[in-house]
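Look for subunit A in each of the two complexes below; its partner is subunit B in the first and subunit C in the second.
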Partner chain A sequence: MLLAGISLRVTPQLEGFGLGQYAKFAGDAFNWSVLWQTLMLGVKTVALTACIGVPLGLLFIEAPRRLQPLMLFVIVLPLLTSVVVRTFAWMVILGREGLVNNALLALGLIGAPLRLLHTELGLVVALSQIEMPLMLLPLISVMSRLDPNLKDASAALGAGRWRTLFRVTLPLSLPGLLAGCLLVFASSVTAFVSQTIIGGGRMVLMPFYLWQQATTLFNWPFAATIGMVLLVAVLAVVTTLNALGRRSRALVHG
Partner chain B sequence: MSSPHITRRTLLAGGSVLAVTTLLPRAAHAAGRVVAPAYPGPWEEAYRAVVLPAVKKTQDVDTVLTPLLSLDQVAKVKASRGTPPLDVFMLDPGPVVIATEDGLIDKFDPSRCKNIVHLQKSFFDEWGVAVAAQIVGIAYNPKKVDRPKGWKDLFEPKYNGKVGISGFGTTFGTSSLIEISKQYGGSMTNVDPAFAQLKKWLPHVAVIAQNPVAVNTLFQQGQMDVTYTNYQTVSTLKGRGVDIEFVKPDTGPIAFYTTLHVVKNAANKDNAYKFIDTVLSTEVQAALQKPPYSLLSVNKNVPLQPDMPQDLVKSHAELASFVHHDWRVIAPLRGAWIERFNKEIRQ
Partner chain C sequence: MARQSTAGDVSYRVVLGALSAVALLVLITPVVVVIITSFTDSRSLRFPPPALSLRWYRSLFDPVMSAQIHMAVWNSLVIAVCATTISVVLGTASALAIAGRRTWWALALDGLFMSPLILPTLAFGLAALMFFSTLGFPLSIPLMILGHVAVIVPFILRTTIASLSQLDRGLLDTSASLGAGAVYTFRRVTLPVIRPGILAGAFIAFMASLDNVSVSLFLAGPENDVLPIRMWSMLESTLDVRTAAVSGVLIFTTAVLLVVMDRVVGLTRRIS
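Up next is the complex of A and B:
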């Protein structure tokens, strides 16, 4: 409410009321491209976590019962370390003298170090690892509740393993997948620390933009406006995913 | 899911013990404390090691040191003017202008600092007092690249992919970009030539740092081998064994002063003056100037030699001959430059 209130102020000195700040945001193509890049970062991170998360989830439910607690521990492990530590670890991996570049140089695959840090690709990869538990936990909880008899039934009716996977297991796991996507999206779009440190100065994303307006330029109304726009944009995506989630549950139970 | 062992009574008892223990140290120290900021990194280390023990010893005041950059301090105080979270401001010249215009600073009374007699008149005014001089120039890694001579060298092809830059968000970034602009026909108020130059050369930039702390880490990790920064940052990194050297640009290095101020409505105003007075004292200024802290003294009794390298600066008179920027002119323009930098450097 406070955020919405401040975003309606006309000047940085918090005078007057009006939609001037929103007009300013909408009137500049730069702001739209910042918003677009931020949301696309979320989409790309979700896509990568889903591509890696689904096979990992399947591996988990097929794994022997003894191994499952250990695997769960490994999955949750990133959540137990601070996001700052994980971010700096990625700096060490992606840096010009980092693990990836040194390995590639040693193998003779590249002549000069590649620029991985401070690129969108590097950021998406790092964020995917950082947010992976948020994808895996809901996915696994849904997958492990699937009735094993369904698979037997599918096999008895003549479906192969792949067909069972695509026609039975995956559709039934859809609610978990969507919940995971929702969490990863909301969290990667707003991951200020990782975005600034791994993304670097070349990328201006909404959280950094907001921070800069608030603490460097002291334009609180515009900072509040950026906050509101980001909030609404994320809410819109989340609502859409939720609606899809309800439809997918209807698919399962219907 | 309720646990049978925790009754409401034990919970309340535990809670009140916790509440009392958090209140106790406050009560014990309330008679003499001051909340003062220091820039994160080298400044914070120096103040923690030198100033805090001195303030405790000579004034019997406990200092709560809060690591915050200039603009963050201004933002924090601005957000709660009536009960500011700080008693003292530590600011670079740009933020001083903002804080003064916003009425966040109390008028400075030099007569309340007995050590003020050791300072040149130009080092204090009605709003605050300088506590250290800073020199801005070019830093490079002598193991990896040739020694650059001046601002124009940053754009030499031999440094392609090795130069890291930072924008107008910091004092040294703003000052350096102004000097770069001057080399290509610009001035203190006209940075268009710097933008034109940056834009052309952008694909060859190694990294763009978003804040001063990032500059240090990026240099340490070998992400860049040449950049512009403060002398004192170079000295600190060198002290840690990083391969780094400082170059005075051939067109003259930049000098500016970091100042201390009393925050308006400060809860511990008397202690704020005691804190500032201690920082100005001959002993503290001398200790802060010793490497690796290398905070250039403002106290007449503490000569710059032999703590500073001979080829950097010999005396305060020489320091005065370095390039000085008028921040009262720059501050109103800076916001637009920051926003322009955002747009022009974006991939």
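Up next is the complex of A and C:
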């Protein structure tokens, strides 16, 4: 299906003959900055989910067995709740009269409401929560398959908890972490709803740009070009991460 | 064996505990916030709400005031049910063909079917729009069902392939040597083993279709509006607090379905 889509995308361009649309895309610095911002958004979201996700994953495997199903429920529920609902939640949290602003005002930490909605910071934080389950699930599945004896062995050999974490647990969990990064990156880069609502109209990112060109300006060839550029960019990142994943697996098993 | 706890142990527990607490809080807070907001009395999204009431639920269930939303919900349900049914058939069939094979075409097909999980489906939505328009089809519900099938099949494929890997090939041979035909073996041996996998995948696929934006965004017209797109425009243009009530209903339904599916097929285990 996807291949059919790609081959199709050439047809509307053939009407104008050739790579003119790509030249147009490449010729305008604005387009490059949109692409760059979109990819950076993915990178920042991945970084934040990894920072918060890894400790939660560790906690999960060390938690008592009876608590694990409950924790999984907490992790999976947001995943299955509509993206629009999760985005809406962040509108309420980050809004002018939202949870964060009202809390800070009540504590007297700020004098006037901060602008959190329609900022990149707000978007990254919101996306991190929205995509968090995608990081946690592969991470947990790899972590819970680790042999607990390894940790005991490391402790018996005199390594402290920190040393065991950085020298044993984390390296062995790397395949799961990379799989999680991949999923989070891929979905945050294309998170149209969250980007348009929390990012707002001032922040133009690739998915919105594509949609705008296709449905309001009816410039299909250019929209298709944006789609292709986004597709190729994501594919490049995915391939790189996959290659890293293969190397990390070789490291674990070899 | 007495283990003395060192400064390192203590700091490890403190840091780990604190970060995990933040993560859990961040995961749960949005859901709680939405539920509380849905009972607000006010016209704005002030949090905490100034007073509680059921007014947004009342206006949401009002058949006249919320006719558009009701139609979008109905369309979404029809599309999700049809797309899931088609995907179950397609996904199970392809899983049976692909699972366990290491030939190049099986790997290629596997990659092709899984691509919607990773690659921007927005590009697929646009491609579908251009494809159908070039062929001269007007946008309609059946076209949206087709579009959804393409992006939700991977969920069924993934869980079904995982459960097929637990199927003992010896059982199939035994069944065949006892004189059972291929269809009989599938119905009495294969299907019972992979049924939980199919069900789990079907559930996730159903939710994914209900929630799909990237394909619907391009294929939905004014007469075949779907819920996520409707909600998106409710948030995007004028802030409509009924969205909170819709969200409340969605969260509640999802939570109940999740608990039920977890009891039936061990869903949470299968996702991870």
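In this section, the second predicted complex is superposed on the first by the 239 of 254 C-alpha atoms of A that agree within 3 Å, B and C clash if a C-alpha of one lies under 4 Å from a C-alpha of the other, contacts with A are read in each partner's own complex, and residues count from 1 in each chain.
Methods note: a residue touches a chain if its C-beta (ideal position, glycine included) is under 8 Å from a C-beta of that chain, and two chains touch if they have at least 3 such contacts.
Everything numeric here is computed off the predicted structure, so don't read it as measured data.
Asks: Looking at A:215, would you say it contacts subunit B, subunit C, both, or neither? Reply first, second, both or neither.
Replies: In the superposition, A:215 touches subunit B and subunit C alike.
Asks: After lining up the shared chain so the two structures overlap, which partner does A:42 touch, if you call subunit B first and subunit C second: first, second, both or neither?
Replies: A:42: touches no partner chain.
Asks: Tell me which partner A:137 touches in the superposition: subunit B (first), subunit C (second), both or neither.
Replies: After superposition on chain A, A:137 lies in contact with subunit C alone.
Asks: Touch check for A:118: first (subunit B), second (subunit C), both, or neither?
Replies: After superposition on chain A, A:118 lies in contact with subunit B alone.
Asks: Output check: A:91 vs subunit B and subunit C. Expected answer is one of first, second, both, neither. What do you get?
Replies: both
Asks: For A:202, select first, second, both or neither according to whether it touches subunit B, subunit C, the two together, or no partner.
Replies: first
Asks: Output check: A:176 vs subunit B and subunit C. Expected answer is one of first, second, both, neither. What do you get?
Replies: In the superposed model, A:176 contacts neither subunit B nor subunit C.
Asks: Would you mind checking which one, subunit B or subunit C, touches more residues on subunit A?
Replies: Of the two chains, more subunit A residues are contacted by C.
Asks: What residues on subunit A does subunit C touch that subunit B touches too?
Replies: Of subunit A, residues 91-92, 95, 97, 196-197, 214-215 contact subunit B in one complex and subunit C in the other.
Asks: Which bits of subunit A are touching subunit C when the two form their complex?
Replies: On the subunit A side, the touching residues are 1-6, 8-9, 11-12, 51-53, 55-56, 58-59, 69, 71-93, 95, 97-99, 102, 128-129, 132-133, 137-138, 140-141, 155, 160-163, 165, 182-183, 186, 189-190, 192-193, 196-197, 207, 210-211, 214-215, 220, 223-224, 227-228, 230-231, 234-235, 238.
Asks: Quick check on the complex: what are the subunit A residues that touch subunit B?
Replies: Subunit A reaches subunit B through residues 30, 33, 91-92, 95-97, 112, 117-118, 120, 196-197, 200-204, 208-209, 212, 214-219.
Asks: So in the complex, the part of subunit B that touches subunit A is made up of which residues?
Replies: By the definition above, subunit B touches subunit A via 71-72, 74-75, 78, 98, 161, 165-167, 169, 206-210, 214, 217, 221-223, 335, 338-339, 342-343, 345-347.
Asks: Which of the residues in subunit C end up touching subunit A in this complex?
Replies: 3, 6, 8-9, 11-13, 15-17, 19-20, 22-24, 26-31, 33-34, 37, 44-48, 112, 115-124, 126-131, 134, 150, 204, 207, 210-211, 213-214, 217-218, 227-228, 231-232, 235-236, 243-244, 246-247, 250-251, 254-255, 257-259, 262, 267-269, 271-272
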